[in-house]
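These are the structures, in structure tokens.
Next come two complexes built around subunit A: one with subunit B, the other with subunit C.
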Partner chain A sequence: MHYTDVVCTFCGTLCDDIEVTVEDNRIIDIRHACRVGASKFFKASDIKHRRTKPIIRENGREIEVSLEEAVEKASEILADAYRPLLYGWSSTTCEAIKYGVFLTDLVGGIMDNTATVCHGPSVLAFQEVGYPSCTLGEVKNRADLIIYWGSNPLHAHPRHLSRYSFYPRGFFRERGMQDRELIVIDVRRTDTAKIANKFIKVEQGKDYELVSALRYVLNGGVLKKDYVAGVSREEIYELVDKMKSCSFGVLFFGMGLTQSSGKHRTIDNAISLVRDLNRFTKFNIMMMRGHYNVTGSNEVLAWETGYPYAVDFSRGYPRYNPGETSAVDVLVRGEVDAALIIASDPVSHFPKEAVKHLLRIPYISIDAFYNATSMFAKVYIPTAVAGIECEGTAYRMDGVPIRVRKIIEPPEGVLSDEEVVRMIYEKTMEKIKERIEEEAAEKVIV
Partner chain B sequence: MKEIFLKFKGSKTVLEAEVINPNVFAGKKLSEIENLTVYHGNRRAKLGEFFDVEGSTSEDARELRIVVEGDLEKVKRIGENMSEGEILIKGNAGMHTGDFMSGGRIVVEGNVASFCATEMKGGEFIVKGDAGDYLGSAYRGNWIGMQGGLIVVEGNVGRESCAHMSGGKAIIRGTAGDFAGVHMRKGTIIIEGKANRAGAQMIGGTIVILTNVDPLPSFELVGEESDIEVDGERFSGTFLKYIGDKAELRAKGTLYIRK
Partner chain C sequence: MKVILITGRTFMQGVGMEAGKDSDVYKENAAVCYITVDDMDKLGIKEGDNVKIKTKYGEVVVKALKSKDEHDGIVFIPLGPWANAVMGYETDSAAVPTFKGIEAEIEKTDENVLSLEELIRKTYIEG
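Coming up: the complex of A and B.
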């Protein structure tokens, strides 16, 4: 069976032109995908690398159980918790995230997605100064100046340059890369920097100063210093001239800028730079989102609760304050007493102190792949891989929703994230109702 | 002045106790105070479950001092919305202590966590130890932070203190983390120790730094001044006067840095 226009669910670029050949429910050939995307397709269809039975761990023993038993145990953990954390939600579909919001609301927990350790600071900056952005289609057809700041798409988003930004021929950019200019700003000469027309090396952690200097020059100031953040005055003036004189510019920024010293203030300043540039020409800014549906996770949470991540339901209504209600902070401070981790691996990626606390509390891991977080989970529930074994909606990094497709059958008895989260939601609802009735009965006796 | 003593007995997880406030306590009996609602994680509970309550109450909040004892790092929102009276915290205080306060006085003998005195409008907030991040700043997404009152911190403060400051005065005896007074538009900040990136993106107000530090490249040096007076406080010595943050259009903030 040969499928065309399959969507690759790996990175935020969500390439939708993949061709896949399937034989006996196994993927045997993939066209157009990058190496990272192709390996995900192959790994997903190779059952040897996956566990397909739910697991409960008790007293250091691992017991294979039925899905119903695992769901029962999971809802017990969540219903008893005083301050549960529901984290992950970026490598799954919007439909599963929707039930996640319902579940968090029900258990009065904290819902956070991987943006919290990724582009969370960018989101904070948008809320203060806005987000002058566009779609990737506009970049492809119009952009003549492309800047990647603190981002190395050649490794992290391998097809970004060829599908949307630098190489493709667009409506107003008929000669493709010859009609465009590529500038890379980074702390080291990355592989993307090697193919760029210009590379600017910024001193590590000094991005904020460089943005301030650019804005100062743009607003008519005269720089006194010879070097700002390791960049010479001439280079700063030259860069400002290029930015002002292009006809459609776009600034793509990645972790290098977001997690640089200053975090959301750096992004705040960079967005203000783009806003100022719009007095002279058309300029846009865009995040290089990592997980394929981290944008969707922010979108769903925002339309359900008003806030994009780190939403706290403990008082029955949504509240939001990253730093107070974000996953790493609540774990490091030891506030959380139970957790549900879905489609994510915090044990591998969170700071040591946060992981230490996570390992002390009972938590549930829901993931298509058995990862380091699943290895220590009280309950592990395997699920189908979205975009390969089940369908759903995902949002591309520019906020365009794309329907991801099902091309092979999941292993026997394995359901999608959406169905598993819905089952836990329904079971937890029953448990909480029971508890409320018990408490009411006790009060009557008293 | 009447005093009410609260002794913290500990809690399993975070406790939100905005009821610890002279305005709420005024005119209530001790038993009524014990029955006030606090939020323990996702459940409701009574203040008396977590605190021993003693002392004598007053009808008038202005005549009331609440003394809270214990390690209160897990107790949030003490003195939120208070407008009169006094709170004395003997120990460390948790997040959001003194949020939106419009009068009265809070004294913390230990350290305070992040997000304290957020959007303060009046009164005094005094910390004998260190303060966390976002002291006296705006809530996420708001453009108006502290609008009045006085904050004094004897120790160091974290990042982004007095963000979006729109009035009032803050005195920091130790060092300040990055971005003190970011997006500031009015008011005064006095920092005795070091302060990196102070006044970033400010468009008004005054910041005085009593240590020699490098300002951001977008601040314009206008000259030297000696023995300055800012908001009723006198400082001797020679100061470099900068105007900024000129990355913003029409910025008129003043930054004094001791030479």
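Coming up: the complex of A and C.
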């Protein structure tokens, strides 16, 4: 069976032109995907190397259990918790995230997604100054100046340049890359920088200064210093000229801006630069989102609670204060007493101090693939891979929702994230009701 | 030698991650650091030697690889548990820790690079 237009669920580019050949429920050939994406498809189909049975760990022993037993145990952990953390939600579908919101509300926990350690600062910046952006389709058809700042798409979003930004022919860019200019601003000459028309090397941690210098010159200031943040005055003037004179510019930015000093203040400044540029031409800014549905995770949380990440339900209503209610902070301060980690691997990707607390508390790991977080979980529940073994909705980095498809059957007895989270939600609800009734009965006896 | 540490995605770290966190390809591409040729000379090491990276948050042993990029004084480690063993946890009220721009001391070592499970047990659970 040959499938066309399959969506790859690895990064936020959500390439939707993948061709997959399936034989006997096994993926035997993949066309168009990058190597990382292809690796995900092959891994999903390699049943021999996947854990397909839920696990409970008791006193250092690992016991294979049925899905119902695992769900029962998971609900017990959440119902017993005083203030659990429900984290991840970026490599799964919007439908699963919806049940995640219901579950967090029910148990009075904190719901946070991976944006908290990636583009969280960008979100904080939009809330200050807005987000003048566009879709990737517009970039493909119109953009003549592409800037990547603190982002290395050749490694993190391997097909971004070829599908949308630099190489493709577009409606107004008939000659493809010949009609476009590519500029990379980074602290090191990355592989993306090597193919760019121009590379500007900024000193580590000084992006804020460079953005300020660009805004200063753009707004008529005369730069007296020879160098700002390691960039020469001539380069700054030249860059401002290019940005002012292009007909449709895009500034894509990544972790180089969000995870360096300055964080949301740097993004705030970069957005303000783009806003200033719109007095001269059409200019846009876009986050290079990592997980394939981290955008959807922000969207679902925002439309359900009003806030995009780090939402705390412990007072009975949603509250949002990154730095206080965000995953790394509550873990480092030891404020959560249980956790549910879904479609994410914080044991690999959180700082040591945060991981140390997570490893001390009981937590549940729900993931299609057994990862470092699953290795130490009290309960591990394997699920189907969205976009390969089950369908659902995901949001591309530009905010366009795309339906991801099912092309093979999941291993026997393995359900989707949506179904597993819904089961835990219903079971936890039952447990909490039972407890309320028991407490009420005790009061009557007294 | 004093250096500035930055972390980030590399293509092969991504491939390793998708191949499995317990796979060899993940360890080969995440338990490493990229150092420029000049900095390698200063450290007296060659490609493939193990180095110990120390910050005020901890220390970790990784394999040194030659960087094709120009960034003297900056050492790049792919994101992952090895990098996180020496990363800071302060978020400056912005939710995200500073994963780039950490001051570190780097030196040659004969110690081995720990596997993912050993690393987590030794530095995260017992440490």
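Methods note: the second predicted complex is superposed on the first by the 442 of 446 C-alpha atoms of A that agree within 3 Å, B and C clash if a C-alpha of one lies under 4 Å from a C-alpha of the other, contacts with A are read in each partner's own complex, and residues count from 1 in each chain.
We adopt the following convention: contacts are C-beta pairs under 8 Å (C-beta built on N, C-alpha and C of every residue); 3 or more make two chains touch, one makes a residue touch a chain.
Computed from a prediction, not measured in an experiment: that's the story for all the values here.
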Clash-or-fit label for the pair subunit B, subunit C on subunit A: fit
Which partner reaches more residues of subunit A (counting touched residues only), subunit B or subunit C: C
First, second, both or neither for A:375, with subunit B first and subunit C second: second
From subunit A, separation angle of subunit B and subunit C (C-alpha centres, steps of 10 degrees): 80
Which of subunit B and subunit C A:296 touches, first, second, both or neither: neither
Partner chain(s) touched by A:124 [first = subunit B, second = subunit C, both, neither]: both
Subunit B versus subunit C as contact partner of A:326, first or second or both or neither: second
Which superposed partner A:261 touches (first subunit B, second subunit C, both, neither): both
Which of subunit B and subunit C A:155 touches, first, second, both or neither: second
First (subunit B), second (subunit C), both or neither touched by A:314: first
First, second, both or neither for A:213, with subunit B first and subunit C second: first
First (subunit B), second (subunit C), both or neither touched by A:269: first
Distance of closest approach, subunit C and subunit B, by C-alpha atoms in Å: 6
Shared subunit A contacts, counted only where both subunit B and subunit C touch the same residue: 124, 261, 322-324
Of subunit A, residues touching subunit B in the complex: 81-84, 107-109, 124, 127-128, 208-209, 211-213, 215-216, 219, 221, 223-225, 228, 261-262, 265, 268-269, 272, 276, 313-315, 320-324, 335-337
Parts of subunit A lying in touch with subunit C, wherever the complex brings them together: 10, 35-36, 39-40, 43, 49, 116-118, 120-121, 124, 152, 154-156, 158, 187-190, 193, 201, 204-205, 255-256, 258-261, 263-264, 290, 309-310, 322-324, 326-329, 332, 345, 347-356, 359, 369-372, 375-376
Residue ranges of subunit C in contact with subunit A within the complex: 4, 6-11, 14-15, 18-22, 57-58, 67, 69-71, 74, 76, 79-81, 84-89, 91-101, 116-117, 120, 123-125, 127
Partner subunit A, residues of subunit B touching it in the complex: 12-14, 16, 39-43, 74, 95, 114-115, 133-134, 139-141, 143, 160, 178-179, 182-183, 197, 200-201, 216-218, 220-221, 245-249
